[in-house]
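Think of it as A, B, C, D, E and F in the order they're written, each chain with its own count starting at 1.
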Amino acid sequence: MGYGDVQMIDENGIRVDGRKAGDVRPISIELGVVPVADGSCRMTWGTNEVIVAVYGPMEAHPRKIQRQDRAVLDVRYNMAPFSTSDRIRPGFNRRSREISKVTSDALESVVLLELYPRSKIRVEIEIICAEAGTRCVGLTAASVALADAGIPMTDLVVSVASGKINGVVVCDLNKSEDNYGEADLPMGILPNSGELSFLQMDGDLSQEEFQEAWDYNMEAAMVIGGYCAEALKNGGYNL
Amino acid sequence: MGYGDVQMIDENGIRVDGRKAGDVRPISIELGVVPVADGSCRMTWGTNEVIVAVYGPMEAHPRKIQRQDRAVLDVRYNMAPFSTSDRIRPGFNRRSREISKVTSDALESVVLLELYPRSKIRVEIEIICAEAGTRCVGLTAASVALADAGIPMTDLVVSVASGKINGVVVCDLNKSEDNYGEADLPMGILPNSGELSFLQMDGDLSQEEFQEAWDYNMEAAMVIGGYCAEALKNGGYNL
Amino acid sequence: MGYGDVQMIDENGIRVDGRKAGDVRPISIELGVVPVADGSCRMTWGTNEVIVAVYGPMEAHPRKIQRQDRAVLDVRYNMAPFSTSDRIRPGFNRRSREISKVTSDALESVVLLELYPRSKIRVEIEIICAEAGTRCVGLTAASVALADAGIPMTDLVVSVASGKINGVVVCDLNKSEDNYGEADLPMGILPNSGELSFLQMDGDLSQEEFQEAWDYNMEAAMVIGGYCAEALKNGGYNL
Amino acid sequence: MSIPLVPQLLRSHLIELAENDQRLDGRGQWDGRDVQLEVGILGNAEGSAKVRMGDTIVYAGVKFQTMTPYSDRPNQGGLMCSAELRPVAGRQHEPGPPSPESIELGRVVDRGIRESGCIDTEALCIIPGEKAWQVILDLYAISDDGNLFDAFALAGIAALRNSVIPLAKFELGEDIPLDVSKTPIMCSYHRVGGRYVYDASGREELGGDERIHITLGADAHVHSLQKGLKGTFTAGEFAELMKQARTKGDELRDLVHSLEGGN
Amino acid sequence: MSIPLVPQLLRSHLIELAENDQRLDGRGQWDGRDVQLEVGILGNAEGSAKVRMGDTIVYAGVKFQTMTPYSDRPNQGGLMCSAELRPVAGRQHEPGPPSPESIELGRVVDRGIRESGCIDTEALCIIPGEKAWQVILDLYAISDDGNLFDAFALAGIAALRNSVIPLAKFELGEDIPLDVSKTPIMCSYHRVGGRYVYDASGREELGGDERIHITLGADAHVHSLQKGLKGTFTAGEFAELMKQARTKGDELRDLVHSLEGGN
Amino acid sequence: MSIPLVPQLLRSHLIELAENDQRLDGRGQWDGRDVQLEVGILGNAEGSAKVRMGDTIVYAGVKFQTMTPYSDRPNQGGLMCSAELRPVAGRQHEPGPPSPESIELGRVVDRGIRESGCIDTEALCIIPGEKAWQVILDLYAISDDGNLFDAFALAGIAALRNSVIPLAKFELGEDIPLDVSKTPIMCSYHRVGGRYVYDASGREELGGDERIHITLGADAHVHSLQKGLKGTFTAGEFAELMKQARTKGDELRDLVHSLEGGN
């Protein structure tokens, strides 16, 4: 499509929305937004808007899904039909199923499920408005909502993606950058330990570019982890 | 579509099929038409033809659907593929699901379900030939079939719809009237108590028109309730 | 389509692939081809290629499918998406369901299911490359794979189809003959008893033609039954 | 899926009856139940029939749609046959996706009609490559007391032979009858108490073993066969069934033709 | 399907309260909860609204697609209304195919809007017989504390009245507002403790009986009715509900209009 | 969904082995099982491959269909990759709709191939805006003894590189080979007994923790990554896996190329 023709970064390294290569879009965090849930979180990130509700721990039923030694974590990622430019038809969707699974895997790595044998914890991630990077916003908001519900965890999971555009590695692609992007590296980072519980990547990155994107994500995750901690202490961030 | 151009009622208030405003189409009722069922009823109403079979009370299984204090009523409304001018594809259908639910709600209001704890009663409503008003025919025939099966009830439910055509309120729209109709008010009436267990309405009626349609339905229900009672006493009506 | 124009058999009764009327296509049989299975068989027949894996006897679950007096036989016939000239979409398919059922019925007639109460035996028939007669190849290979798994049986089931082409009855139609064929008679024969546990037929056969096709099948089944016995003794046939 | 308990007592009783050449309802081995056949009884269908065989009652309805011919057969229309076994038809018929049993039922009836070649799909073409008729035959059971196969097959062919192509409704001219050149008839036999019987009732099916379906045309031409359920049979047994089916098939074919004025 | 236990204690408590003309949260019989209505709040939707009624929170979003008109209505576009009850909205909402309850919910809200005739489907035609607009209204519950019907209906009509046809995005000219000529309002009444109340909360629904939904337009024209759940009612009871709905409907219609500049 | 019991004994055994730098089948930490790769082995596919890695056996088959290009990409054809985990492949694979595990498997393998850009979708265009080739790669497991990801990825790219566009069959000219410009290779690592190993067997997967999939092209360009299952890892651990994948990837790429005459 002639990527070279569309100049997304100017000669001073400034991106179309005024950010520098390593900058993250504006973020806000609000807790308790689903009154009937045990914990909930609304996160806006650029023009992404995500709502997460947590229900549980509660009895797992039917009984065949119970685990004797731990709770079952039931995570669903879903995009509202009106969340994107073209309407999304409700129903089965392979992309959503995969994101639900990797998000669940990432959260299982930090939630102390063994404290709640035979029970179930439901995590419902709803994308209300999608820009780019919804899986990162959903995972980050889900870990905040679990904390809001009082579920014991070893750490939060903060997720952010860097990518490549016009041959330059930058942090946290927005929608227009994503359309022309050549690679995308979302990671899920535990801010306290610096370990990862989530990793995906698509596209084409040399080893050097890959390292650069990795480093941007690590730095950004520490900053965003600070926002999350503040929100959990004060009931919100940047409102 | 230029309703005004199609004159469905003449200057003497006579409708295209010769009925007056408050008249109901011809009705016949036959019992025992499904020999393998515990109760059954075939009702023709205009050119509508409906067959209802009742099975039960029988053990409800799987056990998770059982209710400790009463029977479960399992009602299905279905249109045969050849019942309409354009063939209906078998399978999931939101309209049928909704009609099944409101029919079930209407019948639950009169069947003494608490006499049969942990059991199930199945009511199968099959539209063999559809003219207009199949939900009314189905509900009325279902209450007769339940009586034929010997299931104790506080009352029958007799259902009939009035509507508006060419700005005039009339009872029991036939197919051609329905095509040009401006409103439809189906009601399910208990002939003994005069109470309602079913009510829907679509279209546009002023408060006065609404009252007129309501009154037509009440009168017609008493007449049709008489046919049903006669059929249950004599094994059929108007055959 | 003007069958008469396409001459599939020459004046000496020789078919397009050089066979005489009663000849069967070349067959090979290999055992143990699915290492993780309890028994397995790969059969090539003409250019048909079929793999069958048998799992069990194992505990039948969920419990509601258990039979107190015998094992449940769970047979699936499936065509790989790349097995035919036009790709087959994975998923529900009425043809495969029916073939699975009649194959299961045919095998139940010979497997001593009553030796394994409350258990399940799974038979997975996968068509990797399809020419013509895959249901016959699948059934025959399944009975060999069951034997390879050590499941006690009263007899094998050997399946073969004869048909009519250009008005002539011949044995074991190949793909090009099947395209122009006027009838197809697949049978499943127990080589020891000579009885049948499987029978289908489509098309148009006079009583005389029918008898001729029947006789071809009976003769061919005895020959193929010999191949199967040899494969089970020596671990393979014609490799 | 619910599992029917094998009714051992019923099986023993059926064996005893068979040994005395008797059946539950007093019929002889090759006797069918009373057959009532009505045609043209559904107001919104282009062809229809109702069959009652004992307490088994089924409807068949024919509808026409226009279709685009398949690219490899531009001069042909289509025939689709669909059998529905809805829960209205009996206590044992639970709602849910089609069971393997009902899929087999539909496909066997379909093949018996389709493979006879009774409908010339080329005659259904309206504009080659662009438009053709699709004939849809829907089979619908209201009461299942056994042998739905034969009831469906009989209602199906009678409804087709009674059909009118609705040219007027599609603004293509005047309605004309659908041309159906043959009358294939299915006869089904069930092993009950160790021997085969014709037209098994619901209780005979419940306590029976394997089943054989034979569809014959005129002059005893064979159009379709199917063996169903667990069990084996011998060549000799099959030959006897074929003989019986020839006689019974001719009888039922006459019944179908007797309802048709000009035939 | 899970079976909610009938909360007998709750029912007794509700009866007691009703006898003293009280409700669980202190409201009067015909009082609604506080209503917050926002419009134009979803960045990727062509029209949107958010409604909060107590702890019940719902979104409505409108999207436009182009469609080929149906052959029997070549000059008309379409309106589709879809209600999703996802598990985010409450502990009792399990994932799975749509339940009969959620199907009824969607269809009743849809009819209340559609049958009012507030959208002129002929105005949605772009090229007769070839192209027309399909308006898709998606209703989405985030928190269910009872009376989703009224919350959905209110958010739905507000979102439609707030919508812009995206002509520019489809390269068909400049965006124009969708013309919505009416403002149908649904009012729902639930029998709780033996008497009807307006705007039942989640706990009132749990311990309640039948439900009546009334959708009215201007001048108290009736556009849609629905009775749901087990229970019966008298003509007198209904007349009282209709009277209440006329008052409440006018109040909520004014709220919708108050957010619209020029109206 | 059945729940595999956590095999505590197996886990303990695997930890013990890992402490002594051993594996169940005697391999070293970074050793793979023997790989057998055959291409062109399926008669009805336009490209095919079979891979055996120990007791894991998979097929890949390529078929071509024509499609109408998407309106926003009128000059492009398409690539579709579908992975089926049918019950033939192992005792633990039950029939039913695709599990989250098999969806992840298919999508990860698909992205490894697609995102490498090895297929130029513009070269698949036949008539811009009207007709283009859709390449369908079907992955099919026959025996699952662990590490289906790598087996599918290897069979997939080998089958594509072995494919012929069937122009003759579609009456569009003479067949030509499909142009595949790269050879992306996936290497998967599983944490077993506390440390990562390459090419885990079925029993190692059963007693293992998280999994990391790395797909590399020539010059160690990264095309796709995926972390699966519960568990965390450090930057240092990942760097070691990347180093291992560079070596192993080159080795398997050479194997694929060694089967191609002219390459």
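Criterion: contacts are C-beta pairs under 8 Å (C-beta built on N, C-alpha and C of every residue); 3 or more make two chains touch, one makes a residue touch a chain.
None of these values were measured; they are calculated from a predicted model.
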Partner chains that chain B and chain E have in common: none
Other chains in touch with both chain C and chain D: none
Most remote chain, CA-based centroid, reference being chain B: F
Chain whose Cα centroid lies at the greatest distance from that of chain C: E
For chain A paired with chain D, centre-to-centre distance based on mean C-alpha positions, whole Å: 58
Centre-of-Cα separation between chain E and chain D, whole angstrom: 48
Distance from the mean Cα position of chain E to that of chain A, given in whole angstrom: 32
Contacts with 2+ other chains: residues of chain F: 2
Of all residues in chain C, the ones touching two or more other chains: 64
Pairwise touch network: line, ring, star, complete, or other: ring
Successive chains around the closed ring, taking chain C as origin and chain F next: C, F, A, E, B, D
Residues of chain B that touch chain E when the two form their complex: 64-65, 67, 69, 94-95, 97-98, 100-102, 105-106, 108-110, 185, 190, 193-207, 210, 214, 218
List of chain A residues in touch with chain E within their complex: 33-37, 47, 49, 51, 53, 55, 58, 61, 76, 78, 80-87, 90, 122, 124, 126, 128-130
Contact footprint of chain A on chain F as seen in their complex: 1-3, 6, 100-101, 103-104, 106-107, 111, 115-117, 210, 212, 217, 219-235, 238, 242
Partner chain C, residues of chain F touching it in the complex: 2, 42-45, 48, 55, 57, 59, 61-63, 65, 82, 84, 86-91, 95, 136, 138, 140, 142-145, 169, 202
